[in-house]
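Down below are the structures I want you to see.
Each of the two complexes below includes chain A, the first together with chain B, the second together with chain C.
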Partner chain A sequence: MATRPTATRKTAKGEYIETDSGNKVSRKANISGTPNITLGGKTVIMADVHLRGDLTRPKAATPDPKGAKQSSTSISIGRCTVVSTGTVIRPPGRMSRGVYTYYPMKIGDNVFVGPNCVIQAASISSHVHISENCVLQPLCVIKENVKILPHTVVPANMVVPPNSVVGGRPGRIVGEVGEGYGVSVGAVAGGSGEGWVEGGDLRELVRIIK
Partner chain B sequence: MSQQFPYTYYSCSCVDTPTSLLPLSRKSVEARSSSDEEETTFDPRSSRANFSLYPLEHLLYCTECHQMRCSRCTTEEVLCWYCPSCLFEVPSSTVRSEGNRCTRSCYNCPICTSFLTVNLLDAPTEAQRDAEQPPGPFILSCSYCNWTSLDIGIKFDKANNITGQLQRVRNGGIIVPTPKERENQAERLLRKQPNHEEEEEVKSPLEETPAAQAPPDADDFFSNLNSFYKSQLADTETSAGPAEFNVHSPSSIQRLLNLYSTGKKTKRGKPKPMRESLTTAEGLQEYSSSSEEELIHRLATSGWEATTSPSQRSFQERHPPRFTSDLRPTATLLRTKRSKRCKTCRTLLSRPEPKVNTTRYKIKVLALNNIPKVSIRSLNTTPQSLLTDLVTISSSMQQKEYTTLHPLMPYQFLLTLTNPLFDPIKVTLATPTTTPGRVQTRVTILCPQFDVGANTDVWDDALNSTSSQNNPKRKSAAPGLSVASPPDNSDGKQAEAGKIWDKGRNWTSVIVEVVPGVLPGTPAFVGEGGEVREDEGVVECPVFVKVEYESEGLGAGETPERVRMVGEGKEKREVAFWCVLGVGKIVG
Partner chain C sequence: MSSTDPPKPPSTTARPSSKRISTVPTPPKPPTSIHPTAIIANHALLIGTHLITIGAHTVIHPYARIISTEGPVTIGDGCVIWEKATVGMMGGDSSSDGDEGVLETKLDDNVVIESCATVGMGAVLGDGCVVEGFGVVEGGATLGRRCQVQAFARVKAKEVLTEHTIVLGDGRRRVSKGCEGVERGREVAHEKMVRDFERVVPSVSVKWM
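Moving on to the complex of A and B:
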């Protein structure tokens, strides 16, 4: 936030390296293939998180300028997304025409990924809350406003429709999030004691991480 | 997985808890008579409580009745049907004719319920790899438990229209007519013999198919019985008789058939008693000792592994089988988007946009925006420790603040009320001195009456905070959120009776003192001992919240005793509800 320049300077010396766009990346995070990763701004990558940007689509034998451009990004994460400690983010792969191929992964805005998860989803839309110790198997698709309960294993290729709650091993749709999911009282600074809610705007959470 | 502490559940007003419905066992009556004087104390442990407690984000609010509304006191209307797998919307006419399952190629694993994918059976050769449509055969396979349709002997020629292909193949790859074909055949037979006196001549549609050699399965019996009853009804159509209402009467069978047929309305049959089916071709399922013996033999040889679990049986579309080899992949159940109305006054409370992929609402009246939010947390937790709990690996360490409450030790919790309204509110809290039940936890709210400021515009707040930035005593935007200022309790602040702890723009915090009770079975326990029942160690404090405020008059539908004019177009309003604070768990 523009009104807190002091806080920004402080974090520069702390655990997090803050980029120009406000991303906070822990010095203890494990990042491979940095050129293939994009962070949308105000996004937090915590300690012991492993981003596998090195797992990219193999370079096409036939020169295809469009394809080459697409394959350059393997992990793209949106704005105000928080990836908690110990989580591994790995682009999904599968056999395609006889070759094991990695597909780029897209994570939206205001997504919370809890500690100790393994994420291999094809895409995670915005306002998704993933609790701790979850496994998202290759090529699953998580739509908007979804809550994933702790210790869930979302099976490969599963599509989780918007507004659902997923739990269990294998993960099933166990319910719907309430109409008030992600709505905080009084927008930025609700008196909830946290200033942010699951599935809501995570700016406040990002701000207090340092 | 246990509940995460702390939590607040709101009791919806639709559930009255009259004393007669509280548990009336002798023990609880004793406990109650010694503790609460008020008869209407909400008991979070009563079996009715389960049905009225909701997290705030699940509650709606009726602006006509001025009451919160839960799933019990709202009515729902389906706006659209869609498949959760392929996210295609299904028109309601299709739902009526085809049923509530996806008719594309969406199937769930009969073993583990995961989504099944259509895969090539054999790895494609170099030449096939580049072909637009690789040749079959294809199989359905589950990447979670490695079940494939080969386990029940089914392969597919095409990768699309799995539903159509599955309809004509029985487990083991036996080709059978589809339900539609069977029906048509049965009807053709009926038309051929409009007055068939000789029942023996009625041929089962099954006998004309290659599947005739295989023993008939439940689907065959159904279609045979279906066509038999239809022929019987056709017979009785012409003759008239008195109405009868037993099982064998044509009218009741007609009703039954209409239940199973899809949309086709036939004229109500003239009542005349009919005979029942007599042969297998007519759908009679005969008992045979040999098939029983075969079953027992199968159980003995294939063992436990080959039998289905109750959940697998209930997950089947129909005909729950005994053996896993008889399971069928299940078509994905459709889901719905629904609008909700108040049951009392029919006001629309929520209406999502009927598109599958959007999460927007046309109308959404949330309790969240109309009644104060009650939240509780341990006084010892700082925002930083809350954060660490949330994002670090040590999930076993998480929650320790709440899950290790010792009996008879005082604990202080911070109770915060946040006001979503644009008017300041006056709050009165009440709680029974001890919690209901055998484990009597003492609960004291140090300051039960206080004011909470109005919820001003966010930008006002932002501007205020900028101008007062140099003021060290400036009120933080959210309780405990001001990381720049020292944590709440580091300056040696002491809890004082009758005084609020802290307040901000639209929130006020007070201290709640909790002295956990003694668990049964421990030496200090007074009263009838015995085992600790499930969740008896969980401390849940019922709290009654009364909110009073003056608001711009909205008029319509007001109940006179609740609203009284205060002049200047302002109305005095009162909202009251019970909520339950889950503060933690007692260790023995």
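Moving on to the complex of A and C:
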């Protein structure tokens, strides 16, 4: 006698939805304006991350003379980037030629964004490590290989040059990242389960997040 | 062998319906008075038992919380409450409950509460105040016009700040002299920003009326 399988609807749903290009987006992430967000692939968006893709540039009243199609992308994130829990990512806005405009935000590859940050940077380049509880105020620019220490407030419009360490409130450059920044030392020798370092290749970290 | 076992009764009643319904009871809606031009985003949360008043062109972003359990909350015109901000925080750590009465949390016109910032119950913020990310204004504090609470700064309970005070992230304060031209520019920018939200943030304020 065939009994009905008791475990109906018990398909084990993982926390993350994985897309074809390997992006892992948590089911508990709070994303608005999905069509305006691009993820480069192998990027992780954890739970309770707020992405404000709905804050877009206003449509130009007069179409571009060159006929270039105005893209409405407001947040673009590169490959192997990890955005941790509780972080808010919101494109910055300001007055430009008498109109209030939001600037599309670009985040590069292998960027780690720690938990509970508020990010309103104009752009973040590749191999940047942002620690927990940081605030990146509107229109700051973070160049390559930058490390931002925990609890830092990067002021509005600040440009952080490559290879620097930023800390404090307000944030200032407190040093340079050393020679070995982003080079994983133990990867060859140990394989101690970590396999990733700050500013290095985050592919391993992305792989272990499930 | 299997014939001796009584067949399981088909549990049609116990089967969950295809649509899952949250078992958590939804909190009762607070009484509200919302201006028709105010924008309340879909996931914004208004909870409490006292009156919540929201002025013209004010924008409440998704996942912002307005709490009126301890007293009424009044938000003026052209305010912006960003995501994850809390106004009228519950159980504020203002220890002295001696002076009872109803604590009214009041935000004047053009106040900006940034992401993750908190305004305690009974706080009064003057015209054009800004509380930056993770800034905290504890219950009962009073801020004059155009005060600025910078990121991670904290204004203690019952504190009174005069107008143009800037609370820095490390706890220091200074009073800005204020420049007429800059202020005028800021006002214009703020107004344009608030008006621009009509384009980008869909409003569901009807839900709360």
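FYI, the second predicted complex is superposed on the first by the 183 of 210 C-alpha atoms of A that agree within 3 Å, B and C clash if a C-alpha of one lies under 4 Å from a C-alpha of the other, contacts with A are read in each partner's own complex, and residues count from 1 in each chain.
Keep in mind that, in the parts below, contacts are C-beta pairs under 8 Å (C-beta built on N, C-alpha and C of every residue); 3 or more make two chains touch, one makes a residue touch a chain.
The shown structure was predicted, so the numbers you read here are calculated from the model rather than taken from an experiment.
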{"item": "Clash or fit (per the criteria above) of chain B with chain C on chain A", "value": "fit"}
{"item": "Partner chain(s) touched by A:Gly114 [first = chain B, second = chain C, both, neither]", "value": "first"}
{"item": "Touched partner set for A:Tyr181, first chain B, second chain C, both or neither", "value": "first"}
{"item": "Which superposed partner A:Arg52 touches (first chain B, second chain C, both, neither)", "value": "second"}
{"item": "Touching partner for A:Gly40 - first (chain B), second (chain C), both, neither", "value": "neither"}
{"item": "Of chain B and chain C, the chain that contacts the larger number of chain A residues", "value": "B"}
{"item": "First, second, both or neither for A:Arg172, with chain B first and chain C second", "value": "first"}
{"item": "Superposed arrangement (fit on chain A Cα atoms) - minimum chain B/chain C Cα distance in Å", "value": "5"}
{"item": "On chain A, positions contacted by chain B and by chain C", "value": "3-4, 98, 116, 133, 137, 151, 153, 170"}
{"item": "Residues on chain A engaged by chain C in the complex (per definition of touch)", "value": "1, 3-4, 8-9, 30, 32, 50, 52, 54-56, 58, 88, 90, 93-95, 98-100, 102, 116, 118, 133, 135, 137, 151, 153, 169-170"}
{"item": "Of all residues in chain C, those that touch chain A in their complex", "value": "2-3, 7-8, 10, 15-16, 43, 62-63, 82-84, 114-116, 132-134, 150-152, 168-170, 185, 188-189, 192-193, 195-196, 199-201"}
{"item": "Residue ranges of chain A in contact with chain B within the complex", "value": "3-4, 6-7, 46, 48, 82, 84-86, 97-98, 114-116, 127, 132-133, 137, 143-145, 149-151, 153, 155-164, 170, 172-173, 177-181, 183, 185-195, 197, 204-205, 208-210"}
{"item": "Complex interface listing, chain B residues touching chain A", "value": "1, 54-60, 82, 84-87, 112-115, 117, 123-124, 126, 129-130, 142-145, 335, 350, 356-359, 361, 364, 366-369, 373, 375, 377, 383-384, 386-387, 390-393, 395, 414, 416-420, 455, 458, 461-462, 465-466, 469, 477-481, 483-484, 504-507"}
